[in-house]
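Two complexes come next, and they have one chain in common, subunit A, joined by subunit B in the first and subunit C in the second.
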Partner chain A sequence: MSVVFQDVSYAYGADQPPALSHVSLTIPDGQFLGVIGHTGSGKSTLVQHMNGLLQPTSGRVIVDGLDLADRRSRHEVRRHVGVAFQYPEYQLFAATVREDVAFGPTNLGLGAAEVDGRVRRALERVGLAYDEVAERSPFHLSGGQQRRVALAGILAMEPRTIVLDEPMAGLDPRGCEDILGLVHRLHEDGMTVVMVSHSMEDVAENADEVLVMSGGRVLMKGAPDEVFSRREELYRVGLDVPQATRFQSRLRAAGLSLPQDVHTIEALADAIVASVGTRTKERYQELAARAGGVAGDRVARAGEDAGATKDAGATTQGSDGR
Partner chain B sequence: MRLGATVFGRYYAGDSVVHRMDPRAKLLIVLVYMVAAVLAVDLWGVAVLAAFTLACVLLSRIPLREVFDSVKPLLFILVFTALLNVLTVSEGTVYWHWAMLTISSGGFWHALVFTLRVGLMLFGASLLTLTTTTIDLADGIEALLKPFARVGLPAHELAMMTSIALRFLPTFLDEGVKIKRAQESRGATFDEGGPWQRLKMLVPLLSPLFASAFRHANELSMAMESRCYHGAEGRTSLRALRFGRADYVGFAMAIVMVVLLVVTRVMLSAGVTGHFA
Partner chain C sequence: MHMALQYGDDAAARPDAPTEGSATVVRAGDEGFAGDPIVFDAVTYSYDNRTNAVEGLSISIHPGEYVAIVGGNGSGKSTFGKLVNALYVPDAGEVRVMGLSTSDEANRFSIRSRAGLVFQNPDDQMITSLVRDDVAFGPENLGLPVDEVVGRRDWALDQVGMAEMGGRETYNLSGGQKQRVAIAGILAMRPDVIVLDEPGAMLDPRGRRGILRVTHELNDAGVTIVLITHFMDEALTADRVVVIDKGRVAMDGTPAEVFTQHERLAAMRLEEPFAVRLTAALRERGLYVPYTIDEEELVASLCL
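Showing the complex of A and B:
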């Protein structure tokens, strides 16, 4: 299910500046696209074009071969592209969680049994126990749970593409982790995911591709490594690189040799281990040469082991110990 | 995502005579204007009202189109009242008749005059909010209601409520649009199906909107309290209201309008152009 934008422009009013101008992009089936951009860069407007909530002032949006200029296509596409707005829990309305999650599938005109099955599956998918929450009022749940119920309401439509506008906004760290984990699983299950986020880290760690919006235009689109290596340009539009990348440049400035650019914590950890690891090995060899004889051989061997060890902590400790 | 470009009750920043008038004067004039619009039952009266309104718009230096745009969302009220008049009034030549419904020449006449009056009322009210900030408006309302405070009327609270209501109108419109879109994303349709279907669809629209209203109210009251708001008692105003020349001119214009209305009315009932009544 691909989403294609062809030279899309959109203005909220005839006398308003365009919120989107000449946006062309393709989101292939199964991709995880991260969308970043300064407030007012057109991210939310872009997102609302993906299931025809907004229609381009000029240009075309084509989802799975269907042109969204056509009213019937829009209805069809809404079955397959789920859009979660910012603070999706603000759309909750029903007396019970079950009814609320059932709203979407009921609108699709499905039978009671099918609706029930979908509600159960959707709640399970977002990590809520059906028996515990189904008959409760959504308004009495915690913020994080409400958000998950709202997402279940969208997943119950069983879309193939899910579009999330800042899905973690306003949640506590635990809630953020839950939602991010959920989004990650959805993508692993084969869904196409579009996630708007202010967190460069979340985007760097999860997205296959990153789309950078600025002033209603596409500034960059590419793999996270590619996008986050254009640091100066990101700065200029009020964005930043992930913390790991910033930390890396600090380490480089301090004289640590880290040849490969990294954008995630894991990659940074690996790079540090690699760098510190080789250093210690050299140091051991130096010591070995100085010691000489049998002791020197042993030190050199210990150095080999330390160099091969993955655990950075252990190796650095080993070198300090001597 | 601002859709508030054409919202009734919006303020249009400017520095015209009308903008600078004392809010009490503007409120009083609008009050007189409203009463006049209710009493002006013929085309001459409507003409006098229209002339007065036009003069005010010109003085306010707000583009006429802007005023039209602000009233546009309420156009359905005009259409509704016009239809009601056309279908229910039975005077003059009757063209069509079915049960209680009649289409007659008198009906069209009434529809025209009535719609113009209601339209002008909306115009007047809109001009007030277009030229007056909500703070000024609240100050004005409070000052005008103050004499009634002695008999237990909560003047300050009423004024505060009015200004908060005006302030949050665009916010709720925005939020309504957002909720509508969110439910549409879940396959809801608001412009299809029979009346029952449409009525049912109001729940997913209104219930989140109410929830959001309560949320806003809660947050706002906390924000006010944390800044030590405690109602009217012992509260003074940053700017003292004082009538100026512009205000007296405004009153004079309103008086002229009322006099003209009375004159045309008297002339009409004296039978000068009797068939207009």
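Showing the complex of A and C:
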């Protein structure tokens, strides 16, 4: 589904500064849009306009040709645009996982068989086994599982667009990976995905386009390569670039030739190997020994992998990031 | 979640689901305790009497250390924090906080009267509406004289960089500011050890960096810090990293010792530092470089 913002402004109250100012953008059908911006930049306000939860103070939001200013359009669009707010598991309420996930489709007035089919499909999609979790209380599941149940409740509505506000917040790396994998699959299945994230890495690796919000306005919108190349502007609004981008600059400063700007670890590794070539361990040790000097010696010692840990312990000072 | 009320909870009443995110503070005993402030001696604890959340866990936290406790959800790392606070009591083994066993009912008041809690969610921990009242809450409850309470309050707010914010309403603060107020509330209890359970999990990167900086400043001032976290960039700044997996200590060493073990970390599906991830990707492509957590060193290796 396409989502179009036409000169949208929004203020939470008449005496409040605008949370969104003259936002115009188009999200084409099937796109994965990553939204970044520091706290207070307007990104959460923006996504709440996408299913008509908030309505513009001025301007228009048009989803698949339907203007959300119209109440019937909003009603229609809500069936097709699923919005997962931050910490969606806080909204779990039912006694069992099955009832919780079934709540939305039941309210659509669907028959019991259809609802049951949707609950099964939704739970399967989020990677939970129906037979294991359906009759359990959602509150007895782990945090990561609760989040997946909450997302299953949205997917059971079988939306064509899903909007996720910080879907990985508060999860451990494993939970993040699970959710990110799920979002990735939904996109591959053809859904339009809008994901707000603090992680430049997650956005760089997954999004087709990146939207950068600052002070309620669109600062940039473009392909990850394009956006993350404008590092100074991102820094100025309190945002970072992906670690791979930063590390690439350090390598360039150290004299390595890396002509292409990269933003993911995989792309950086490719670029480095293209520049440096491959090396065996023996070859590395030869080079390190020849480099000599303090740096070479340090590198050579660290090169002895088996005993590396003790020596490396003495070299951590430089990485102390306080 | 009304975790602020857990102060008075009966430790024997076990919640069905473990809640993550709390910080526990241990204040030095008047007896001038000089040993390891936190000692876990073969501790086993189960929520349901079937599977053990921690199993035979032994750790000693030494005075003045900055220790990061790392592990995935369900690893037992959050249970660790609640065992320190005597919110949970071991099924087997013993937890000693400033030399006092949490298993001895007679010690619990003493341990808890020295303990404050800070949570993952800063909204769960604001008690009063004014910042300065919130920070004074702990010392007031210790029954300290007013001068002392005010002195501690102002000192604590200053420590977390919130000296100018005492008159602000807590609900008007950002998540990072609230978290700093919560830490100030704990500091006002004059702890020797602060255990923070994922204090940055709900904050944006800027808020997280602020909290991390405060913990390091406190550590520089002599406070022992135990930071339970799943953010590897935070763990990298610790003196010592303890990885907990399946309720046991899986790894224990300096950040360099722990985080250069790519295979073991990957097997536990723990996030790895950037330099280690890049090194793994380079090795996969036939470019050998030694594992390191030090980005400077990786640059040097590649520019040979």
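Note that in this section the second predicted complex is superposed on the first by the 277 of 322 C-alpha atoms of A that agree within 3 Å, B and C clash if a C-alpha of one lies under 4 Å from a C-alpha of the other, contacts with A are read in each partner's own complex, and residues count from 1 in each chain.
One rule holds for everything that comes next: contacts are C-beta pairs under 8 Å (C-beta built on N, C-alpha and C of every residue); 3 or more make two chains touch, one makes a residue touch a chain.
For clarity, every value in this text was computed on a predicted model and none was experimentally measured.
Asker: Kindly classify A:45 by the partners it touches after superposition: subunit B alone (first), subunit C alone (second), both, or neither?
Answerer: A:45: touches subunit B, not subunit C.
Asker: Would you check which partner chain A:273 touches, where first means subunit B only, second means subunit C only, and both and neither mean what they say?
Answerer: second
Asker: Of subunit B and subunit C, which one touches more residues of subunit A?
Answerer: Partner with more touched residues of subunit A: C.
Asker: In the overlaid three-chain picture, which partner chain does A:197 touch, first (subunit B) or second (subunit C), both, or neither?
Answerer: neither
Asker: Which partner does A:265 contact after superposing on A: first (subunit B), second (subunit C), both, neither?
Answerer: second
Asker: Would you sort A:154 into first (subunit B), second (subunit C), both or neither based on which partner it touches?
Answerer: In the superposition, A:154 touches subunit B alone.
Asker: Once the structures are superposed on A, label A:143 by its partner contacts, choosing first (subunit B), second (subunit C), both or neither.
Answerer: Only subunit C; A:143 stays clear of subunit B.
Asker: Is A:247 contacted by the first partner subunit B, the second partner subunit C, both or neither?
Answerer: A:247 sits against subunit C, while subunit B stays out of touch.
Asker: So, does A:104 touch the first partner subunit B, the second partner subunit C, both, or neither?
Answerer: Touch partner of A:104: subunit B, not subunit C.
Asker: Need the overlap of the two footprints on subunit A, from subunit B and from subunit C, as residue ranges.
Answerer: 139
Asker: Show which residues of subunit B lie in contact with subunit A when the two form their complex.
Answerer: The contact residues of subunit B facing subunit A are 1-3, 5, 175, 178-179, 181-189, 203-205, 207-208, 211-212.
Asker: Inside the complex, what are the residues of subunit A that reach subunit B?
Answerer: Touch list, subunit A to subunit B: 12-13, 15-16, 44-45, 48, 51, 53, 75, 78-79, 82-85, 88, 90-94, 103-104, 107-108, 139, 153-154, 157.
Asker: Quick one: in the complex, what on subunit C touches subunit A?
Answerer: Interface residues on the subunit C side: 16-17, 20, 72-74, 120, 174-175, 198, 201-202, 204-207, 212-213, 216, 230, 233, 236-237, 253-257, 260-261, 269-271, 274-275, 277-278, 281-282, 284-297, 299-304.
Asker: Give the list of subunit A residues in touch with subunit C in this complex.
Answerer: 38-39, 139-144, 169-175, 177, 198, 238, 240, 243-244, 247, 250-251, 254-256, 265-266, 268-270, 272-273, 276-281, 283-284, 287-288, 291, 295-296, 298-299, 302-305, 308-310, 312-313, 315-316, 318-322
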